[in-house]
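Heads up, the next two complexes both have subunit A, just with different partners, subunit B and then subunit C.
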Partner chain A sequence: MPLAEPVQEPFPIYAVNGTYLLFDVNVVSHVRKKHHMCGVLSGTLPQVPQQNVFLGLPLQLMVEEAALLVEKGAAYVVDDVTAHKKGLKEMMEEDKKRYMDQRNEEIMKTALEHQAALEAKKAGFIAISKDKKAKKDKEKAEKKAAKEAAENDDELLFGPTKSEPAPVAVDPTPAEASAASAVSEAPEAPEASTDTASKPVTTDNLLLHYPILNTSTFPFHSPLPESSSSSLLPRPNPSSYPLYKHLHSRGYFLSPGLRFGCQFMAYPGDSLRYHSHFIANGLGWDEEIDMIDIVGGGRLGTGVKKAWMFGGCPPKQEGDERGEEDRTRVFCVEWGGF
Partner chain B sequence: MSYSDLAVSSHPHLIRIVENHLLNHADWRSVTQHAFTPRPLLSGIPPEPVYVDPDVDPSKPPTEAALEQVEWLLPVDLREKWSPRKMAEVFDSLPEGVWGENAKGEKRTKRMLLAVVAEDSTVSYYFVHDGIVKPRQN
Partner chain C sequence: MSSEPPTAKPPLPRTKRPNYALLHANLLPLTIQALPPLIPHNPLSILQILYTYFFCRVPCQPEPLYTGVFNPTTRSVHVTDTRSIKAFWTSGFFGKGSLSRSEPTWISRRRRALGVIGKDEALTAEEVTERRRKERKEFKLERARAEKEKIQNQLAQEGKVQFETGAVAPSSENKSVTFAPPETPAEEKDQPAPQVVEVEDLEHLQLTLEEAFFLSYGLGALQIMNAEGNKPIEVPDALSLFRKFSYFPHLEDDAILQPDDVFLMNYVVYHHFRSLGWVVRPGMKFSVDYLLYNRGPVFSHAEFGILILPAYSNPYWAADPERKKRESRPWHWLHSVNRVSAQVKKTLIMVYVEVPPPHEIEGLGITDMLKKYGVREVSLRRFLVARNRD
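And then the complex of A and B:
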């Protein structure tokens, strides 16, 4: 696995019908490492679209994640449909040819490397079998001499019983045969390798490797749009976004919480390493919540060894320079235990 | 039949029910009423610590300070509606400076017990912390 290429900020987030997607695995790991955002892998297998155990690219970001990345200036939103069409149209004939040439070159290179590796492996096997053959030949000669000496002593009648060592003597034969065939193949092998070096690669003599479209290479990279259209900007829920920012700014990793009966799950570190601490719900500062929901939340949280959290952001006071993420008040609820 | 709005918003009966429950059922001591605004509160000392810091070694016996830890209680009716603003106002009405330290030696955040009174006088208690506090059983 090659090391992840450094990602240049700002990077594009592709918006498709209100969902925010990342297609480049380097960007995905960059976002996770630097921005503490995990998103949700949403690409499934074309053959088994129903399964949700093995999911891959693209990564779908939460609206809050996309909004915060844009807010920080780490990313910009691109409309995926128009970007794709524009990219295809703008790819001139020359670019196309250059891309195809580059691709062929890459195929050739990979194929040659593969072939060379195969040859090296084959050569290794030949060396081993040659050693074996020499050893077996020696053994055989010794056995033969012993047998002849015995036959000279005994009558012909005992021949079959006396030929007991025969299987042992016969044993080397298959090995010998295979070694012989390997030797006969050996002269061909170098020829094949010189062939591939001089002749253009065809489908019969090589395994073809199809390169994966790298979205970060030039023609496919969607440049920063000159005028950012506000219709594309992620618009997170104003009552829960401050809570998201509050927890995120304090180093928590947040993931969507619908499966757990809340808005966000808050992990104290990367969600692969830690259990979540909180199941969080964001409310407006004056948004009402039934006491029975607080009780239910407290029970839910305690039942899964977490704390249930709710909170909201008070409106900005005059002279208060703190941002939403610092003004937000959160309250953790746990069962009292008595 | 549920209470009228007036009955729900008048707190003396809530205070009385919770105080009674604490003294006679849960065996608390030094239970005191506090006429704070926006809500009247109770404080008291439980027979044994009701909140054990998740970072404290559970095999060690509770410290002197833990045994004398005063807990604050907010009696509420089950059918009330609350909001982040109301909760913040109650926390802001709590006195500063009596909150002690957590197991890591940091000044600990305020906490209180939400004493939820249901129609049938059942009282159930939930801890509410003012801020991000690691849950106990993790």
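And then the complex of A and C:
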């Protein structure tokens, strides 16, 4: 795997209709490595579009994740639609031309590379198959010849009675012919393939591969941090955000837990390596909890061998310098059979 | 000798279950008298019917009424006399024993522990569960041990491990000693038991407030006494008392009651399903409000879990954002409840109770007031594409 390019902080997070997206794979891996945030991949894979089990870029961040990144100063939020429009409008004519040229050049370059790689692969494949075929044909011919020789011997025993020795004369020819044809055809094949390979790649025969360029990293699409307005800032749920920060600051990887019936799933490490230990819900400090919900949470967690966790942040006391993430207190409930 | 596979213990003898169909033949604690048959060509039969109807009528309600005492501390109605307890449990499955899982059986467990009744005599539900769990646990230990021994034997055959066959035995014996509790002491304790021990029944039946109100208002079979136990509480008083006690801490006497207090919402749903013939029992342990049994807990598992949700669709409530907010619950809550009920193989039913505005129910009698409430049921099931194919 190629090494990811270093990512400069702050990087832009693109807000589209209230969702926070990352389009750059380098940023995605950077966020995962450095900030312990996995997000959720939400784009269709172009190679396998007819399924939704495996998804690709863009990466959708939870509101809490986006908020924490902005709070840390590691990222800033860009409104994707307006930034895109504005960037395009402000572009000078020559800039546009240069950009298009650059883009075409890049497309051409990638396409050529791709084509060359493809041809090399093809040539290699043809060479291998040719070798095999020649070998096979040779073996076949030898076998046939031997068999016929045996038959001829047999026939020789009864030779005089049989008045048609024609097969002896005719039969060897097809085998030989086929062998010969294989041999004679063989030299042509590589020629043909080298022909196509040596053909200059023009836009006409470039139908094989259309590279997808990453458009979001161009300067016109990544306005500077100043332009992010406060209306775009992610506003996480005030009752669950402290819990998120608390668990995140203790090294847990958190992912959305809606389908498991909670707000967050807390993994002790990267979610690709570990099972989650907790299913967590954030509550306000004075919020009342229904007894029924505690029973349900306990059963839910224990049913999947996890602990159900809920937590909240007490209001700031005077003289208490700790932040939300340190003040938050969490409790775990498990269903015990007596 | 010790290395040979241990002989599996014979399964515990199945004790004969009582005839539940006969025991619980009555669906409610009422007696229903059938009139003599009408025979069209025999005019005397009409006379007989009329005679029975006018002169020999036996009231449905028991005579004297069953009694229970309202207990403010536990917010329930305690039933202490044996006759009422038996009637409430056997006909309709009302209430719960205070020292038992559901049916009040503490006395027979106690008697068995003291040796008054035999080891396998009149087994209670708790004991059956306990025995089944023990049996299962032993079976699992036995299986694990056998598997381990098999592997050891295989290894020994292959010459990978060197030990005498006797070397495994102590461990297995140890195990059986440590994990299977010795039976003898219990039996020893049983033997010298005094001949006749009179065990006083310390258990009472607890009725939830909804059950008690249904029995007294809906069926008229229960007389609820006040906390001191000296004065009966009239039905309308019982309603306002129970409504006040559905808040925590409970409301004072002169407090204004809301049309959506917990007791009323629960009672509307309880009455609704009871009157449709279901056996309704509290479902706290499965994180739902009520469980619906087809005939009763002794016959089958509960099929449905009921969640009570208020619905403020009356235009009066539009001006009340606080209540409107209570109407909406987060998605993860629904997923959580649904998962829990799917785990225990119950279908979740969300029951929406339409709450009338307070001025509409003011000053109405109980029946008229209850008529103002509406009930809608929505059934919910977890669907897994791959698993729910058939």
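Just so we're on the same page, the second predicted complex is superposed on the first by the 210 of 338 C-alpha atoms of A that agree within 3 Å, B and C clash if a C-alpha of one lies under 4 Å from a C-alpha of the other, contacts with A are read in each partner's own complex, and residues count from 1 in each chain.
As a working rule, contacts are C-beta pairs under 8 Å (C-beta built on N, C-alpha and C of every residue); 3 or more make two chains touch, one makes a residue touch a chain.
What you see is a predicted model, and the numbers here were worked out from it, not measured in a lab.
K.L.:
Scan A:287 for contacts with subunit B and subunit C and give back first, second, both or neither.
P.N.:
After superposition on chain A, A:287 lies in contact with subunit B alone.
K.L.:
Spot which of subunit B and subunit C makes contact with more residues of subunit A, would you?
P.N.:
The partner making contact with more of subunit A's residues is B.
K.L.:
Of the two partner chains, subunit B (first) and subunit C (second), which one does A:12 touch, if any: first, second, both, or neither?
P.N.:
It touches nothing on subunit B or subunit C.
K.L.:
Does subunit B (first) or subunit C (second) touch A:295, or do both, or does neither?
P.N.:
The answer is both, since A:295 touches subunit B and subunit C.
K.L.:
Return first, second, both or neither, reflecting whether A:303 touches subunit B, subunit C, both chains, or no partner chain.
P.N.:
A:303 contacts subunit C only, not subunit B.
K.L.:
State whether A:257 touches subunit B only (first), subunit C only (second), both chains, or neither.
P.N.:
Touch status of A:257: second partner only.
K.L.:
Return the residues of subunit A at which the contacts from subunit B and from subunit C coincide.
P.N.:
Residues common to the subunit A contacts of subunit C and of subunit B are 291-292, 295, listed in rising order.
K.L.:
What does subunit A use to touch subunit C in their complex?
P.N.:
Against subunit C, subunit A makes touches at 257-263, 281, 291-293, 295-297, 299-300, 303.
K.L.:
In their shared complex, at which residues does subunit C touch subunit A?
P.N.:
284-289, 331-333, 335-340, 343
K.L.:
Quick one: in the complex, what on subunit A touches subunit B?
P.N.:
Residues 247, 250, 268, 275, 277-278, 283-292, 294-295, 298, 301-302, 305-307, 309-312, 314, 329-338 of subunit A touch subunit B in their complex.
K.L.:
Which residues of subunit B touch subunit A in the complex?
P.N.:
26, 46, 50, 76-85, 87-88, 91, 113-114, 116, 124-138
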